[in-house]
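Which chain is which? They are A, B, C, D, E and F, in the order written, and residues in each are numbered from 1.
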Amino acid sequence: MRVLVIGCHPDDETLGAGGTVIRHVNQGDDVSICILTDGVGARHERKEQQKECAEKACAILGVHDVVFCDLPDQGLDAMPLLDVIRPIEQRVSKFVPNIVYTHFAGDVNQDHRAAFQATTVACRSVATSPVERVLCYETASSTEWAPPFPGSSFTPNVYVDIEDVLDQKIEAMTAYAHTHVSEVKPYPHPRSYEAIAIHAQSRGIAAGMKAAEAFALVRERIKKQGGATWA
Amino acid sequence: MRVLVIGCHPDDETLGAGGTVIRHVNQGDDVSICILTDGVGARHERKEQQKECAEKACAILGVHDVVFCDLPDQGLDAMPLLDVIRPIEQRVSKFVPNIVYTHFAGDVNQDHRAAFQATTVACRSVATSPVERVLCYETASSTEWAPPFPGSSFTPNVYVDIEDVLDQKIEAMTAYAHTHVSEVKPYPHPRSYEAIAIHAQSRGIAAGMKAAEAFALVRERIKKQGGATWA
Amino acid sequence: MRVLVIGCHPDDETLGAGGTVIRHVNQGDDVSICILTDGVGARHERKEQQKECAEKACAILGVHDVVFCDLPDQGLDAMPLLDVIRPIEQRVSKFVPNIVYTHFAGDVNQDHRAAFQATTVACRSVATSPVERVLCYETASSTEWAPPFPGSSFTPNVYVDIEDVLDQKIEAMTAYAHTHVSEVKPYPHPRSYEAIAIHAQSRGIAAGMKAAEAFALVRERIKKQGGATWA
Amino acid sequence: MRVLVIGCHPDDETLGAGGTVIRHVNQGDDVSICILTDGVGARHERKEQQKECAEKACAILGVHDVVFCDLPDQGLDAMPLLDVIRPIEQRVSKFVPNIVYTHFAGDVNQDHRAAFQATTVACRSVATSPVERVLCYETASSTEWAPPFPGSSFTPNVYVDIEDVLDQKIEAMTAYAHTHVSEVKPYPHPRSYEAIAIHAQSRGIAAGMKAAEAFALVRERIKKQGGATWA
Amino acid sequence: MRVLVIGCHPDDETLGAGGTVIRHVNQGDDVSICILTDGVGARHERKEQQKECAEKACAILGVHDVVFCDLPDQGLDAMPLLDVIRPIEQRVSKFVPNIVYTHFAGDVNQDHRAAFQATTVACRSVATSPVERVLCYETASSTEWAPPFPGSSFTPNVYVDIEDVLDQKIEAMTAYAHTHVSEVKPYPHPRSYEAIAIHAQSRGIAAGMKAAEAFALVRERIKKQGGATWA
Amino acid sequence: MRVLVIGCHPDDETLGAGGTVIRHVNQGDDVSICILTDGVGARHERKEQQKECAEKACAILGVHDVVFCDLPDQGLDAMPLLDVIRPIEQRVSKFVPNIVYTHFAGDVNQDHRAAFQATTVACRSVATSPVERVLCYETASSTEWAPPFPGSSFTPNVYVDIEDVLDQKIEAMTAYAHTHVSEVKPYPHPRSYEAIAIHAQSRGIAAGMKAAEAFALVRERIKKQGGATWA
C-alpha cells in the first residue's frame, strides 16, 4: 500500500492525519508527505527551520519521505490553480499512491481550499490512475471554523482508531513547538496538545472508539483485482 | 426570560441542553422542561421510576417545572404528527416561552425527528407567537450517529460556554444512572460521564472556550422592543 | 469478511449490489441477504413464488443465506420504525457482519427510506458493534427518480468494478422475469436488462472502469487491528 | 396543454399557483385541480361548505374541473403513503397531464410533505408517463416557516409573471374568507390579502417582474416531438 | 454593545442591514461601518463623491464612524484573500466588535463572496476574539440572483423587526441616488425604493412582523458572563 | 427562439449540449456558440487548428455562429472574474438570447467554475434581460469527477430526448479527434465515443427515454407574453 498525504503548511499532515499515518507506517505501508507551501510567508522568514521541524515531526510519525513544493504560504488562492495542480500531479505520477489524504473543501483557510481543488484534479478517476481512495482530513483551527453552510461544514464518514498512537501523534506535534513562531498554542486553542487529544477522543466517541481521526471520503475505486485500500 | 426545553425521553434535556439550562436558571430565567414520552416503552415498564429520575435530574439543573406528556417511547413516528404537535402547542400556549430548545431534525432516533417537526409547527412565526428563538440541541448517542447526508448532519452555529457548570450537568446525569436500565453507559459510549465531558470540551475548543454546548439555530425573531433573547 | 445486504423487495439486492455481492462471494466472504418485505402486497399474492425467485436469483449471485422478514410490501412507512429496526437488529446480532449494504435515504420509494432509517439505527456505532462499513446502493427505478433536492439526490463516492461479473448479475435478474408480475421491464425502463448494463457502464466511466456499481458511504470504522473492510 | 394542480387543503391551489393557473386558463390550457383532503378535520366539520368555497375559488381562477379525494385533513402523514399515492395516480392516469404542480418537500405542514412524496411516485419518469414537467409551489404560512436546513428551505428556480392576474388571484382567495373558520387572516399573516400581494411582488423583484409566483422545478422531460411544456 | 458592519460597496451596508443598524444606534450601541472597496472602479472614477454619499447615508442611519479600505471595486476576487483579510482584521482588532454583519457566502457578486470569506477568517473563534455573533445580510440585486444550489441560496434564520425604521432606511438610500451613476434604480429593480420596502415587508411576513431584515447566522458565542449579543 | 451556448474549451459545447443544440437547430431556433478560451494553453500551441476543429464540430451540429473569446485555457480562475463576465455580457447584449446553456458550478475544472459564475452575473434577472432560461450542462471528464459534497455534485432536473440525434452529436465529436492532441480518448474515458453514447443512454433511462442530455436548471422566467422557452 502506498499512501500520499498532501498538506498546505508544515503541521497540517500531523494535525489532520498524524495518527492514521503512524498506523499506515506500522503496518508496513509506504508513506510520502507532500507539503505544498513553505509555511512561512505570512508569519516569519525562517524557511529552513520550518522544514527541519516538518522533517522532525514526520520522522516521529515514522515517515522519511517528505517533499516540499515551496509554494507561497497563504498565497495558493492567488495563483492559477494549475500551478497548484502541477506539483501534486507530479507527486502522484512519481509516487503512484493508492491512498491520498488531503485538505477539506470547506476549510476556513484559502490555501486549504485550493489544495483540495487541486487534489481533485490531480486524482481524477481516469482508468490509468493508481489512486483508489481519496479522503479529506480535518485541520485543527481551520475546519471547525468553517461557516455552517452546505459544502463548507465538514461531515466525516470514515473513522480511524488512533487510541494506541495518540501519544505518538502528539509527540510529533512537539516538533512544531520550536518553530520561530510556535504552531502549538495554549489550551483551549485547537492546536494545543490538550485540544488535539480531546478532539481525537470526541471523534472516537462518535465511532465507539477511545480516540479517532475522522475523514470525509471523496472517492473510492475498488478495482478488479479486489485489493483492499486500507490494509 | 422564559425558557422551554422539549425532549423526547428523560435525559435528553440534560444531555442536550443541561449546561445551558443551568446558566438560564442562574441568571434568573424561568425554565420549564417538557418530556414528550414516558421513556420506558422500549426498555422496561417502570414509568414512575423514570419520572422520579427525571425530576431529580431537573432539580439538579435547578428546574422544578417538569411536564410529562406520556406519549409512547419510540412511537412518535407511528402517531399522527398532530398528536405530537398538540401537547407542545399547549405547553407553548400555557408557558409562553421566549426561547425554545428542541431536538435536531436529522437525529438517528425517529422520536427526535418527530419532536423536531412538531416543534416547528408549534412555534411557527405568527405575529402573536411569544417565541423569539428556537434552537436544536445535540443528543448524545443519536445526533452524532446520523448519516452524513445534507439535512441529517448536525451543523452547530451557537455555542454556549458551560465551563463553570459542566460538573453540575454531569451530576444531573447521575440521576439517570439509577433507572431500572441505566441511561449512563461505560466509556467510550456517548452517554458515559467521560464522553459527556469530552464532547463539551470539544465543542468548546471550536468556539475558543473550555467547555460548551452547541446548537443549531432554527429561527430568531428580534421584535420591536429590542429585547435580548439570551440574557 | 462477513457481508450483509439489506433490501426491501426481492430484486433490490441484485439491482443494487448484485455485482459487488458476486465479487464478495468470489473472494470467499460470507454473504447474507436480508429481504424485509414479502414483495407481493401491492402487486399480487403469490408470496411463495416471490421467495423462490429471490432464492434463485441469490443462488446465481452465489448466496444461499437468504432471510425473509415478511414485513408488508409498500407498508414499511406505515409501521412504527421500531418494527423495521428489530428484524435488522436481529440479523446484525446473529450474522455479525463487517460490511452492510442498504437502501439510500432519498429513494422515491417509501419502503426504501424506512429501510435506510432502520439500518442506521441497527448499525449505530457503539463500541461493541461489529459493523465496520455501511454503504447505500442505488435501486434501479427508484434512486434515479428521487427529487433533485439536498438529501434526496444520490451522490456516490464508492465505485466497485463489476466488469467481470456484469453478465452474472444480469443472469441473476432473469430469476425475477418469471414472477407472477415480472420485475424485469422492457427497455428503456431502468429494470430492463439493457438499462442495467448501461447503468453499470455509465457508473464505470465515471471511475475509469468498464462497468461498476456505485455506493454512498454512510460510515466506515477502521478498528484497532487494522483490518481491511473490503478484502 | 393539460395542467394538474395537486393541493392538500382547499386554498393551497390558489395560494401556491393561483396566478399561474389563471395564465394557463387564459391561454387555453385544460386545468384540473385535485384537492387531497377535506380540509376540515382539524378545524371544523362543515365539509360541504369547504368544498363549495373551493369550487367558488377555482371558478374565479377559471377552473371548473375540481376533484376532491376526501383524505383526512392533517392526517396524510399517518396513512400509508400508498393511500396518498393511489388517488394521485388515478388522477394522473385519467387526466393525462403534461404539467403537474404540487407541494414542496420541506413544508412545515406534514400533509404537504406527504403530498409531495406521493406526487413524486405518481409522476415517476417511465416512458409511458405523460408528465413533462413537475414543479413545487410555495404555500403561504407553511413554506416560509420551514427550518433553514438543506432539503427543507424552498429555493425557487422558476418565476411566472402574474402582474396582470394578481388581482384575480386575490379575488379567488376571498372565497376562502367565508368558510366557517376563515382561511384569510389579518395582515401580516402570510394568508392575508396584503401579504399575498407583497409576496408576489417580492418574488417578482427577484426576477425582474412586478409580480410573480415562484416554483422549484422537480423534473422536466423534453420529449422527442419537441413540444413546449409551458405554452 | 459594539457593532461592526462590513460591506464591499457603498450602499451594501444600507441595503443589507440599514434598519438593523438604526435599531442598534437607537438603543445606544456603538456602530462602525467598514466599506472595503472604493465602489467606483467598474462604474466611474468619482471616488470622493462616492465616499461623501456613503457618509451621508450612514449619517442618516445614525453612524458617523465609517472606514474606507479603498480596495478595488469588483476586484476582491483577483487579490490574494490575505489582502482582504488584513483590513478586516485591523478593524476587528481596533474596534473590538461584539457583533459583525457581513456579506453572504453565495452572493452572485464575486466581491461579496471574497468579503464573506475574509470575514470568517478575521472573526475566527479564538478564545481572545471579542466577536460574539457573526451574521450574513442580504444585498439587494445580488443575493436573490444567486444560483439555486446548496451553499449559494440564502436561507435566513434571524429576523429583525424594522417596521418603525423602514422609512429611515429608505431615506438613507436616497443618498445613493445622487452618485454619478445612481445606485437607486427604477422599480421593479431590487435597488428601487419600492422594492426595498416590499422586500422588507416580505421578510417580515415570514416572521410575523410588518417589516424585517433577514440574516443567516454564521456563529454565535455566548460567553461566560452571560451577556446578550443583541440588546 | 434564440439560444446561446457558453463553453470554456472547444468540445464542451458538443459534449455538454450537442444533442440539444441539434434539436434547437432542427426546429428553426437561432443558435450561437461562445467559446471562452483558446483551448490550447495547457496542451499545445496550435490555436488556429483548434478553432477550425470547433467550427467543423459546430457545423455538424448545424451552427455557424461560433464566437471565440480567446481567454487563456486553464487560466480563467486566475483572472479577475470581471474579465470573464465582460465577453459574456457582450455576447448576451449582442445576441439577445432567450435560452442560455453554460457550465456547472461544481465541475472539477476551474475554468468551468469561473464560466458558471460569470454567466450568472451576465444573465442576472433584471427586467430588461432577454434571458428566460439558464441551464447548466454536464461536461464529460469533469462534472462526474466533482467531489460528492453539496454544491459540487451535479443534480439534473431537465432531460432532453436526443435519441434521434445522438449519432449526429457523436459525429460532431469526431472533429475533435483531429486536433494536435485528440480530445477524444479511448474507452472507458468519458470523452470516448462509446462513453458519450452510454452516458446519453443512462441519462435517458432515468427519464423514460432511449438517450438524453441532462441539465440543472438555474433559472426560468416565464414572462407576461406567455412565450414558451423551449419550443
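To be clear about the criterion, a contact is a pair of C-beta atoms (placed from the backbone, for glycine too) under 8 Å apart; a residue touches a chain by one contact, two chains touch by 3 or more.
Only a predicted model underlies this, so the values are computations on that prediction, with no experimental measurement involved.
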item	value
Chain-contact steps, minimal, separating chain E from chain C	2
Chain located farthest away, centre of chain C as origin (C-alpha)	E
Interface copy of A-B among B-D, C-F or C-D, judged by whether over half of the contact pairs recur	C-F
Chain D against chain B, contact positions shared by both copies (same if over half, else different)	different
Superposition of chain C upon chain D: rotation angle, C-alpha, nearest 5 degrees	120
Farthest chain (mean CA position) relative to chain D	A
Intercentroid distance (Cα basis), chain E paired with chain B, Å	34
Length of the line joining the C-alpha centres of chain D and chain E, rounded to whole Å	36
Chain C residues counted as touching two or more neighbouring chains	125-127, 145, 148, 150-151, 157, 188-189, 206, 208-209, 216-219
Every chain pair meeting the contact rule	A-B, A-C, A-E, A-F, B-C, B-D, B-E, C-D, C-F, D-E, D-F, E-F
Chain A partner contacts - residues on chain E that touch it in the complex	79-82, 105-106, 116-117, 120-121, 124-127, 150-151, 216-219
Chain F to chain A touching residues, read off their complex	42, 74-75, 77-78, 108-110, 141, 145-152, 188-189
Parts of chain C lying in touch with chain F, wherever the complex brings them together	144-145, 148, 150, 153, 155-157, 187-190, 195, 198-199, 201-202, 204-206, 208-210, 216
Touching residues (chain side chain A, partner chain C) in the complex	23, 26-27, 125-129, 150, 157-161, 163-164, 206-209, 217-224, 226-231
